[in-house]
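The two complexes that follow have chain A in common; it is paired with chain B in the first and with chain C in the second.
Our next item is the complex of A and B:
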């Protein structure tokens, strides 16, 4: 099982890499819609990438209202 | 007409394969423009039968295959008229799109949906009429209609029931959650999962393989294995129209259309 901090770090790296944002600009508690400059369709893309990366299922409704990386990591952690 | 370039879609016939490309901004929402051009396409479909063996449907738009019905057009049109006229307009629209999709479903051509990204609602239903779904691994399938107080209206439920176990259909329909391609391959719906940006290439390779078979046999096999659930499709239109007059639908559509939320697909 991946440790919570490691899960968070992997999400930050994946988001920085895919959306071409410098990793150092991403922090765990920021609103990732604003930091990454993404819309709802790109958020779905991120959801699919996270499912593939962590080999988990992430129902959309579990991510409702989630907009920071730390909460996202916690939701993923419950499925690992 | 062996090729056509419209505002919402285009088609070409080459080497026995018809390719129908969707290219309406932002993600091929199906409104009256797309429907008009789809009707033109199916009016030509019979003429392809002697020259082609396969049809590939794909999207040129980056976000995905198709985001479904044009909900903005549906909402604003329904606001322009009295409820009874609005529902009559919806019924007429559904009957037109059902004729289009039933024609593709029953086509003697072997049909392939080459999907990527957002494949939601009516977009998912367009893929479901095809004989094979070849999905880029980033494809995301969803029936979000219950979030709007509706059921899928382009034949989704009868065609899902044709292809999948009832428990999977209930999960997709009643939760409104989206499934990735891996999940739907495990469920038995997706034929092949391919890398990002590869679905059209693999669909073309698959279509080339299909061209090696005797056409009469392929047509007979398809007709034998793929019944079209006409009665349930008609019942779906009736249920959709019954639901369309409910207040929850106007509330749901208005919330979606007027939303500035980053996640408008989540109620």
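Our next item is the complex of A and C:
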């Protein structure tokens, strides 16, 4: 099982890669909709990528109300 | 399709539809790429009637209110039919609201029955307000085997054998109570009658008919007026099929078009733009020669379909594009929020008409729609049959507030005669939207007179509903406005909410305060957040009961500040 910090770090790396932004631009607690300038569908796209990476399946509603990487990592961590 | 004229209620029309096309597929439900359910009208009837019988045995009577809080799925429609069969009133609630908001609207609507998905029910039972609920019976779908249901019943087991008795309703009886806003402030429960829905269905299917074999992809929430009509009532009274997806992931939505050979779909601008982005990216990846050829074919299609769409021809000219949408797509519908004309034109030029429309919950699904004769990207179409529209007090450019009269206009706001009287004047519903008719009878919208925004995701957001999120903010007073309401723009788009702040005497705006605003803002769902703030130097005008006089305050702000003063968050 991946440690929580490691999960978060991997998510940040994958998000930076997915949206082609420098990794240092992303922080765990900032609003990723704002930082990345994305809409909720693009966030769902990222979720699909994260699911493939972590080999978990999250229903769409798990992302409802989530707008920072730390909460997202927690949601994923509970399924690992 | 069924001739709806002789029917007095939705239950009767749906009942006859189920009998008329017993072997046609009415519902397909898929979770990602896995098909979960495929039901004929006969299958649907069997499940729904055993539920109706169980409701009857639970003393569910004519006029009783039953709320549904579910994502789009087959059980939504089966439950709704069972409620109508028993003469009940449906209260479809937005599943994206918070548990506290759900409880508030359940309370306001006085729904005593609730049908809800397990994860949403779990959230409701954990809310502090849960202890005050007035629910009599709750049916929970898809609950895990050992889940604690807090007194609720499993939807899948809530069945009784034997024929339920059908309860007929009159055309003027209430069919649904649909909330257009009001979770934080004054609930606006639109009371819509059976006649409203029957007439709306008749008007819409006259322009965009359904028939057995048609497949409608249901993506917008079914609690929303559009999907309730074109993703349930419309297809069912025509023997067509509704396809539900349990996810909105763009890749599975794209896949569903091909897998299920979709005929129609309704989309919010955000999804349409996502599809456009995907297509443009694919076009960019083509080699120079292929791309040149594609552009030539698009140009040819454009010139040959200038007067009206020719779906067959477009499919031949641009086979790969159409194959990507399943090859059977006839039109996509959009409305509610601002849609960029360039996006609409992009799809039309590919031979996929996007019928842009305009409507509001208070007046049914749609008031105007593009009839594609010819396609117009710059308007929201013409009034549907039976809909009377007027532009009130037009200015020199012909722009004024849009008012509507017709059989699709709601009866009233639930328990709010004052608001009803302000909204429906001499039989005309005052929409709060600014528009103008052009020479061809098309309506063009130019912004809003009312203090609200519509997001790209199609959500109506009223400032009053989110002000509680900033309660206790260390300032003298605050208020939220839609930017376009403060500074009327004769255009749609660029919609945002603004937090207006009045600081205490000698209080300086600090980084700490900004941090507090940002934190509170982020507790709101992303589509409800304020986009910026504004510091105002005067006390807010208030009524004798200390309520903010919003109109007067807006007027003062307008005089003192312009939009450039807004600090974006």
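Throughout what follows, the second predicted complex is superposed on the first by the 80 of 80 C-alpha atoms of A that agree within 3 Å, B and C clash if a C-alpha of one lies under 4 Å from a C-alpha of the other, contacts with A are read in each partner's own complex, and residues count from 1 in each chain.
The criterion applied here is as follows: a contact is a pair of C-beta atoms (placed from the backbone, for glycine too) under 8 Å apart; a residue touches a chain by one contact, two chains touch by 3 or more.
If you're wondering where the values come from, they're calculated on a predicted model, not measured in any experiment.
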Legend entry - Partner chain in contact with A:64 - chain B first, chain C second, else both or neither: both
Inset, instruction - Figure out whether A:40 sits in contact with chain B (first) or chain C (second), or with both, or with neither. - result: both
Legend entry - Touched partner set for A:52, first chain B, second chain C, both or neither: first
Inset, instruction - Give one of first, second, both or neither to describe whether A:9 is in contact with chain B, with chain C, with both, or with none. - result: neither
Legend entry - Intersection of the chain A residues that touch chain B with those that touch chain C: 33, 39-41, 44-45, 47-48, 59-61, 64, 67
Inset, instruction - Using the touch definition up top, name the residues of chain C that touch chain A in the complex. - result: 71, 95-96, 119, 246-251, 270-271, 274, 456-457, 522, 525-527
Legend entry - Footprint of chain C on chain A - complex, ascending: 31, 33, 39-42, 44-45, 47-48, 59-61, 64-65, 67-68
Inset, instruction - Flag every residue of chain A that touches chain B in the complex, lowest number first. - result: 33, 38-41, 43-45, 47-49, 51-52, 57, 59-61, 63-64, 67
Legend entry - Footprint of chain A on chain B - complex, ascending: 26-27, 63-64, 67, 117-118, 137-138, 140, 142, 175-178, 180, 182-183, 261-266
